[in-house]
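Input: structures, listed below.
Both of the next two complexes hold subunit A, though its partner changes from subunit B to subunit C.
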Partner chain A sequence: MGIADHFPALIVVVLFAAAFLSPLLYRYAEKISAPFVIASLLLSLLMSIALLVQVQQFGPVFYHMGGWPPPWGIEFSADPIRVYILIVVTAVSLWIFLYALRDLKHELKKEVIGWYYTLYSILVGSMAGIALTNDLFNLFVLMEICAISACAIISIKEDRECLEASFKYLILSAMGTGCFLLGVAMIYMATGYLNYSFIQAALAEAIVHYPLNIFTAAALFIVAFGTKAALFPLHVWLPDAHASAPTPSSAMLSGLVIKIYAFALFLMFYHVFPRGMLTTIPLNEIILWMAALGTMFGSVYAMIQTDLKKMLAFSSIGQISYIFMGIGFHHDLALVGAFYHIMVHAITKALLFMTAGVIIYSTGVRKISDLAGIGRILPLTMLAFTIGSASMVGIPGTGGLISKWYLALSALEIGRPLFVLVILASSLLNAIYYMPIVINAFMHQEDFIHEVRPVPRYMLASLIVGMFFVIVTGFFSRPVVTLLEQAAILLF
Partner chain B sequence: MPLSRRTERRGGGTAIEDQIVRITSRLVAPFIQVYGIYVILHGHLSPGGSFSGGAIFGASLVLVALSFNLETGAKQISHQLASGLESGGAFGFILTGLIAIAIGGNFLANRAAGFPMGQAGELFSAGAILIITVFVGIKVASTIVTLFYTIIEGEE
Partner chain C sequence: MEILTGIIDNYYYMVAIILFVIGMYTMLTHANMIKKVIAMNIMDTSVFLLFVAIGYTHGAQAPIIKEGADIIYVNPLPGALMLTGIVVAVSVTAYALSLVVKIYRFYETCDYDEICEIRSLE
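And now, the complex of A and B:
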């Protein structure tokens, strides 16, 4: 066996190994600790890309940990959609880390930065694991790792707000994990398996004998992943957690962490539950309406915020709802839209949080009303904010349009034009709270009154990379959409 | 010499220096440590294993630090060394998995990769499992000590 056969395991292992070594490196060889983490993120990104090539040439890849075949051993599986998510996770986290290098020195105490590297690598590694694993209990363990490291990168700032927010997050996310574990127990009771593929095969028959078990498990899964991904009525932890965290953490949490749970729910729906189940009981309908309400209320809440980061956090609730909506439509074009939105929103929201971070770094301003006239002081930053907002609203030429386009298209295909109106209305609502900031920043007559520090080049470079990708996803969506279309059709 | 006396501590409050507690814990600590190592090494043969054994071993170090003071505890194992061992233990686990890949199995493979199995029931058997148990034992013991130090130092 060549080394390429081990890529599914190595992608996760490299990140965990980097996590364990970076506190030592930070203590004894501080200079190389950050490049070391960058190298490990880059290595896992390259391996993910190699895995994509491999999967597209030879079909899905299965990897058995320790050589034990399922249903006994833990299995990792790589199909085009999973590897696509993997690439999004590793690429975006590499980009956010480059930004974090400068920002962390400003926001954290010096001695905890090494630990931040550890937590960051563990977080990325656990997300990569969630994307790859094919085993329910392994998923549970990785979700716990992900939740704990996500809480820790909020509370590492050690001020009152962060501790309170991360404690709230910890409790609610533990409730989510608890629901998930109970659901796994229900499924294990009915089938005796933990491997997705074995469960799916066994459930086709077991659902006749134990319908209540399976329905309860489905309900528990929706609550579990809904809580973790901040689906509308379960979102209460998100605004505080994402707004008070250090900026790179906010970008990670809003950009990637909530999406990986939406993806996990997709895996449950399409790889664990039997195919007929989604059409016979109205699971999709529940998700769809929760998501439709979420797109509206997320935007309405965002509108009344006065704090910039809090507004961005509430906007994430609206945006994650589009992804759930795509899962809820139960149609291949909708899944294309949802998965494209995972990428687009990861890039866009990370970019917006970075601009917020740059503004706070440079001027200390957090209140939206104080941003008037800032466009003339920090033109590049506000240009990045403008492009990010445009993508949130879905203006042509940005990635946000493509995903909304596919969602609306599939709403028409399945004959529910009401949801096209929902998507349109929520886009308008997005415009209502994003555009005034842009207009005020550039058009305001009076001068910006706060003191301004020069912005480091690293930060500006990250913003330029972000703008570039927001526009690239808007104009050159074909290759990714083709990949997703081919993968989505196989699911129906 | 009085058996017990109170002394002022640097950060305020008092510490009790009790000869009975000190002598007893100094006497008992090596036995606890040997028992901890025993539980770790027999992880693949008997109940217990790396987690329980590591916790027992770590507890003995915490006991000494509690009955004497932080400086004496730090002479046994310093905070730096403990957190270094913590990283090393976890990394050793991963390294064992990677060695399995290097000698031709899947990640974390044991017999399939060609680790020596030995005679079932003997101490040195079960290949990679024994190696991993030792690494996890080191990790757990040092984690308990690190947690203890972090909580104590957090007071100041």
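And now, the complex of A and C:
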């Protein structure tokens, strides 16, 4: 076996290893600790890209941990969709980390920055693991790792709001994992397997004998992943957690962490439950209506916020609902839209949180009403905010349009034009709360009254990278969409 | 009647579910944060009990294979899995309790309602 055969495991191992080495390096050789984490993130990104090439050429890859074949051993599997998510996770987290290097210095105490690198690497590693794993219990363990490290990158900034928010997040996410584990028990009871592929084969028969077990498991999974991904009525933890956290953590949590759970729910629906089941019981319908309500209420709540970061957090609830809507439509074009939105929203929301971070760093302003006239002081930052908001609304030329386009298209294909209206209405609602900020920032007559610190070039460079990718995903969507279309068509 | 006999035959599953609901209810409704953490543990433990109950076979032996002997063994996998589950639950509990300690230092109380009151006065 060459080294390339071990890539699925190595991607996770490299990140976890970096996590445990970085605080040591930070203590004894501070200069190289950050480049070390960057190198490990870059290495896992390169391995993910190599894995994509491998998967494209030779078909799906199955990796057996320690050489034990399933159902006994743990299996990692890499198909185009999983590797696509993997690349999004590693690439976006690398970009956010570059921004974090400068931003953390003024948000955290100096001693804890080394530990922040640890938590960050563990978080990325566990998300990569969730995308790759093909084993339910392994998924549970990775979800708990992800939950603890996600809470910890909020509470590491030890002020009151952060501590309370992360406690709230921890309790609700513990409820989510509790429900998930109960669902796993139900499935294990009926089939005796934990491996996705084996379960799917065994459930086709078991569902006749134990329908209640399987339906209960499905309901528990919806609650579990719905809570963790902030699907509408289960979103209560999100606004506090994402708004109070240090900016890089907010970008990470809103950009990637909630999406990885939506992706895990997709894996449950299409790789664990048997194919016919989604059409016989109205699981999709439940998700669809929760998502439709979420797009509306997320935007309505965002509208009444006065704090910039809180507004962005509420907007995430609306945006994650699009992804759930794509899963709920049960159609290949909708899945293309949902997965494209995972990438677009990861980039866009991270960019918006970064601009909020730059504004707070430079002026200390958090209130939306105080932002009037800021466009003339920080033109590049507000330009980034403008492009980010355009993508949120779905204006042509930005990535946000493409995903909404595919979602609307599939709503028409399956004959439910009502949801096209929902998508349109929620886009308008997005415009209602994003555009006034942009207009006020540039057009306001009076001068900006607060003191302004110069923005470091490092931060501006990250913003420029973000703007570049928002535009690129808007104009050159073809390669990614082709990849997703080919993968999605196989699922039906 | 069928449901009733089903429940009586599988009473250990029912115990696990009742514990799960008690844990979940307390965790979501109780204002005291320490009690929330305890309830979280009750909830996790109930699932562990359920898992171990699944692996149990009546009249079977511990899974130490003797060559040639025709013996029924219990399923060892759920036990092994729950060992991992316990480790995970312990680490979540430790982290949650450390958060409670930190919050207590700010407010001198563990009660969530009182914290809300203090915050509304500011």
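Basically, the second predicted complex is superposed on the first by the 492 of 492 C-alpha atoms of A that agree within 3 Å, B and C clash if a C-alpha of one lies under 4 Å from a C-alpha of the other, contacts with A are read in each partner's own complex, and residues count from 1 in each chain.
Rule of thumb we're sticking to: contacts are C-beta pairs under 8 Å (C-beta built on N, C-alpha and C of every residue); 3 or more make two chains touch, one makes a residue touch a chain.
If you're wondering where the values come from, they're calculated on a predicted model, not measured in any experiment.
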Practice task
After aligning the two structures on subunit A, examine subunit B and subunit C and state clash or fit.
Solution key: fit
Exercise for the section: Give one of first, second, both or neither to describe whether A:P454 is in contact with subunit B, with subunit C, with both, or with none. Expected result: neither
Problem - Partner with the higher number of touched subunit A residues, subunit C or subunit B - result: C
Practice task
Check the residue A:P479 against both partner chains and state whether it touches subunit B (first), subunit C (second), both, or neither.
Solution key: neither
Problem - Partner chain in contact with A:G2 - subunit B first, subunit C second, else both or neither - result: neither
Exercise for the section: Examine A:Y63 and indicate which partner it touches, taking first as subunit B and second as subunit C; both and neither are also allowed. Expected result: first
Handout entry: subunit B versus subunit C as contact partner of A:Y188, first or second or both or neither
Key = second
Handout entry: Shortest CA-CA distance in Å separating subunit B from subunit C in the superposed model
Key = 8
Fill in the blank from the handout: Going through subunit A, the residues touched by subunit B and also by subunit C turn out to be none
Exercise for the section: Using the touch rule from the top, collect the residues of subunit B that touch subunit A in their complex. Expected result: 80, 83-84, 87-88, 90-91, 94, 97-98, 100-101, 104-110, 112-113
Handout entry: For the subunit C and subunit A complex, residues of the former touching the latter
Key = 20, 23-24, 27-28, 33, 36, 40, 43-44, 47, 50-51, 54, 78, 81, 84-85, 88, 91-92, 95-96, 99-100, 102-103, 106-107, 115
Problem - Of subunit A, residues touching subunit C in the complex - result: 137, 140-141, 144, 147-148, 151-152, 155, 158, 160, 163-164, 166-167, 170-171, 174-175, 178, 181-182, 185, 188-189, 194
Practice task
Quick one: which bits of subunit A touch subunit B in the complex? Just the residue numbers, please.
Solution key: 1, 3, 6, 9-10, 13, 16-17, 20-21, 23-24, 27, 63-67
